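First, the structure itself, so that you have it in front of you.
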């Protein structure tokens, strides 16, 4: 059986990544691609690397016949997404890649995003899309909210440790390095090649990055009490990849063993041998997470490092993984491609 | 039916690319991986990006039981390859990725490579591996010689034009730009990141690049008289991709029409609309070739531009395409993945 | 004596490069920096790398007291520049970095730039700013028109050969590779890091690049008859550098000797030993031009390769070199810094 | 007066950077350049970007007449350096760029570097070369030991805070990101462009990096009691630049004020306005340090970020700054060039 798929917001990087992945999925067929500002353009014009695919041209959302769609991916900008999803058919399966449905508490949403939520009913209904930890809920969900890419990386490095109680909850520092595609296809001076390449810097410093909202929500729920991590993201001159270096207090060997237990049998999570450091080089273009643990020379401290591709496992790959569950497909279908190196 | 595959020289970039591709092939199983200097190392140690695959550790070639192998890819260095292949079982199907069996004339081989050929019988037997132009021969072959990656790019841009007689054979200039993975995993100062990034230069200038041997052989055979092109390669600070800018004399519209006819139905060759320029950005990690034609402001001159990924279509993807033919698999099996962008 | 300098359009890359260079000049003092859209911002806000300099904030042009200015650099966009310069004091020394005054013939200007020229008197007065070939005129000029960066590169590789009559004027092909800063600080999708890095492509194909206007004007004047070259620029994933690979007909050794004679004593032009290829790596951030000549395997053909930094020798360094002449400073003052490598 | 300068180990990156800087120094003349393996080669062959300089070819150290040398820079590999310096004339002024004389305690040296020190007398004599904190000792020294580039960065971010007692000495985490030129011109697989670009990773994890020896020595001496920081370096795909993100406990505003006081009047240290984050983009090729402070959302925590160019301020620029002091030159002579951006 072939599932009919629509992608809203197909002219951005997560849209392109969805198309790339779905093109290799045996049981999905893309029937509609939207892009408001680029409506009417062919895919070859918007993304020449996808020119070999026989797909519909971009259209406006209001031109789509959703009765013909089994599942809809929304790769729209934040805020736009909630307005669009609110008005989509109430029985349409949706995987949203924006930030709009990640935070369950409307007050938390408003605090981090600065506006009142415009689709409260859908927000309440949405399931948080970190597949490995919400499998059952996602399988039963109509609307799944894809996680932030940084938020996903940090959670892979911390959730099992918080659940197992093997680290000090008040001493977590997350120094994160992310590639530029995480910022999307937006025209900003600091994203120009001439400005970005050959240098690097921190941004959203001082605990102001919005993905902290997700960390607070998820870690506190896991721990059963408020958990607030320290989080500093850095922009690195590369296109894909997130590396999270997480400083924790706990016994490194116990932390490593906790990961091995927690991720045993997970098809996409590779726990490296103790003491090895993962690299974003080795997950590019794939749905894999590489996870390493080492002890520090200071007793009782450990370093956890997680690497993933922000566009794949951090966003569109995760979205497809969730869609597979929602459509009763094999969870890994279309997602087992090996990373691209070099 | 699953074909048993060995890869000799699996610790280089073309070896890694073969493994990446074959991992996605439904009917191939890798049973042996050789790497003389790294024998005993696991694949995770040699190529951490492939650590999720359940594959044998690297071994020495003399440890492989070839009676259990249906097809062998040789990704060994030039000169080593001929010595190894000479001594492999005489009925073993082989796709060689080195330069050793590309030139049919032993004198030409010696001229370009500086040594007498050590496997003359196999050299005579070998079929030139440019799939789109040697399909029948490859399907019937035991030993196929993969083309040079630059040589492949230039031929996609010129063969149909020479065959159709629509360009001046004495006025062909091929200005080629290639990425660094074409130089392999060799430890040379000019391949270091600090030396290579942020700048670019020509190399093998003055008509000294070895791939000229292939151009001379193939173009002269096609034309039925000697054809000698002018060819200058440049090293560009990127990891994958070849862009060939070819200056020819002829009517641009006729050239474009010639390509459309010649490549009609070809699954991997995309002829762009007249006047559009392809980019290596749009073929990365894929087996596609993008081909563009434009006229110059000077009458009677045209510019043909071809783009492909040197490790995929220029080398390992081509090799798998040929192996599919030799094993009676669908030619495109395992090769239809979309390019990775960004 | 200290010359008082104004820079109009100081918020772009050529503006920043001018400031960097002038900061190291012993006899120049920047007294005004304009930037219409960023007026009021400090230099530290616009260009944090210049924050150590004690310089005025950006202002609007109409706020500048030009009676206090000895020389004005105009780094404004094309078309804006002519309107501004037309209205500047008639005795103010000006070095313009835009394209507005490069073409002497108003019809040629209109053909290549698509609009009638708005400052015909100044256009007639302007001297073409390729220092090594217009020294006397520049020394005596009030208004100097900086050359196109591509145009400069091509001319260094061809002018002495055309003058000396050692190449075939009808068989010149200029395949040029340029870095992204040549496109300026403009917000375009294809200049984003995620779009530009890791790939490359031709642009302005088919003889449509505006710098052809300069080639036509200069080469035809030199030859005393129309000369039209074939010119294809490519965009390379690097920030600085232009490499011109020029295919000519002539005796390579004679060409090399011609360069050695023509550039003898030139402080910024390095003619490499015969057969060596220059690289943009080796001129980055400097005012040097590296020039190489080699013969092809085809008799009577030669390849000339020129490398320079588009922002320095191709633009702001050239501008300062010209300003030195106009102000009776030593021509090399502030310009002898060695390239930055790696 | 012109000082005669020798550079030992001139074929590496710090050697090249020294030559670049000294070429712009009005009162220094390079009289000898050594390079054992490349002895006999001209500078143009070893570093084509320096071909415009009229300098001696590389020679062996034993060919240098040190009686004609006023100051000698040693840019030799670790361990070689101590053996060479031990045997140089006892009254020769020396600035060493290796790790050999940084640690005052021979036991600490042996612990971090794995071998007994071969020049104990010189080790005792050497002055630690962090100019801003050892000015008087350096001015009076015969032998100055350049600091590690990572060690310098971390110290700029921490020394004033430790001295002023405004941070918790047991809670310092230093997450450092460095560019590839810090690894030198060595032929290692992970330094190849194809392996390094487009990805990033931690290395020397778990408190094993040798620069910890310097941190321990210096911070403990400052504090008057043992101080052990947690330090994790990361390798970033760029050629120049170190960014240190330092997590401390203390009041951010007090920390910022402490920096402003401590670095007031320092020509090379730029303390950014409170809350701003520095970037390695803005110090490239210069001797400047950019330093930023911000508070975290968690009370009592602050983040200090320091950026510098590892080859300039982190190594060769620092060395020249020290040589200026030793030769009674102005400390900033030859070092005030603005950074290169883009």
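Points worth noting:
Here the chain labels run A, B, C and D in written order, and each chain numbers its own residues starting at 1.
Definition applied: a residue touches a chain if its C-beta (ideal position, glycine included) is under 8 Å from a C-beta of that chain, and two chains touch if they have at least 3 such contacts.
Fair warning: this is a prediction, and the values are worked out from it, not measured in the lab.
Among the pairs B-C and C-D, the greater number of C-beta contacts is found at B-C. Averaging C-alpha coordinates per chain places the centre of subunit B 39 Å away from that of subunit C. Centroids built from CA atoms put subunit C at 45 Å from subunit A.
One inter-chain figure worth recording: subunit C and subunit D are separated by 36 Å, centre to centre, where each centre is the mean of the chain's CA atoms. Annotation for subunit D: residues touching 2 or more other chains are 13, 181, 194-195, 197-198, 237, 239-240, 278-279, 281-282, 284, 342. Chain contacts in this assembly form a complete graph, since each chain touches every other chain. If you check the complex, the residues on subunit D that touch subunit B are 13, 180-181, 185, 187-189, 191-198, 237, 239.
Across the complex, subunit D is touched by residues 173, 175, 177, 194-195, 197-203, 205-208, 212, 228, 230, 232, 234, 236-241, 243, 245, 247, 275, 277-282, 284, 292, 294-298, 301, 303, 305, 307, 342 of subunit A. Those residues of subunit A that touch subunit B in the complex are listed here as 13, 16, 19-20, 23-24, 47-53, 181, 197-198, 239-240, 270, 272, 278-279, 281-286, 288, 290, 336-342.
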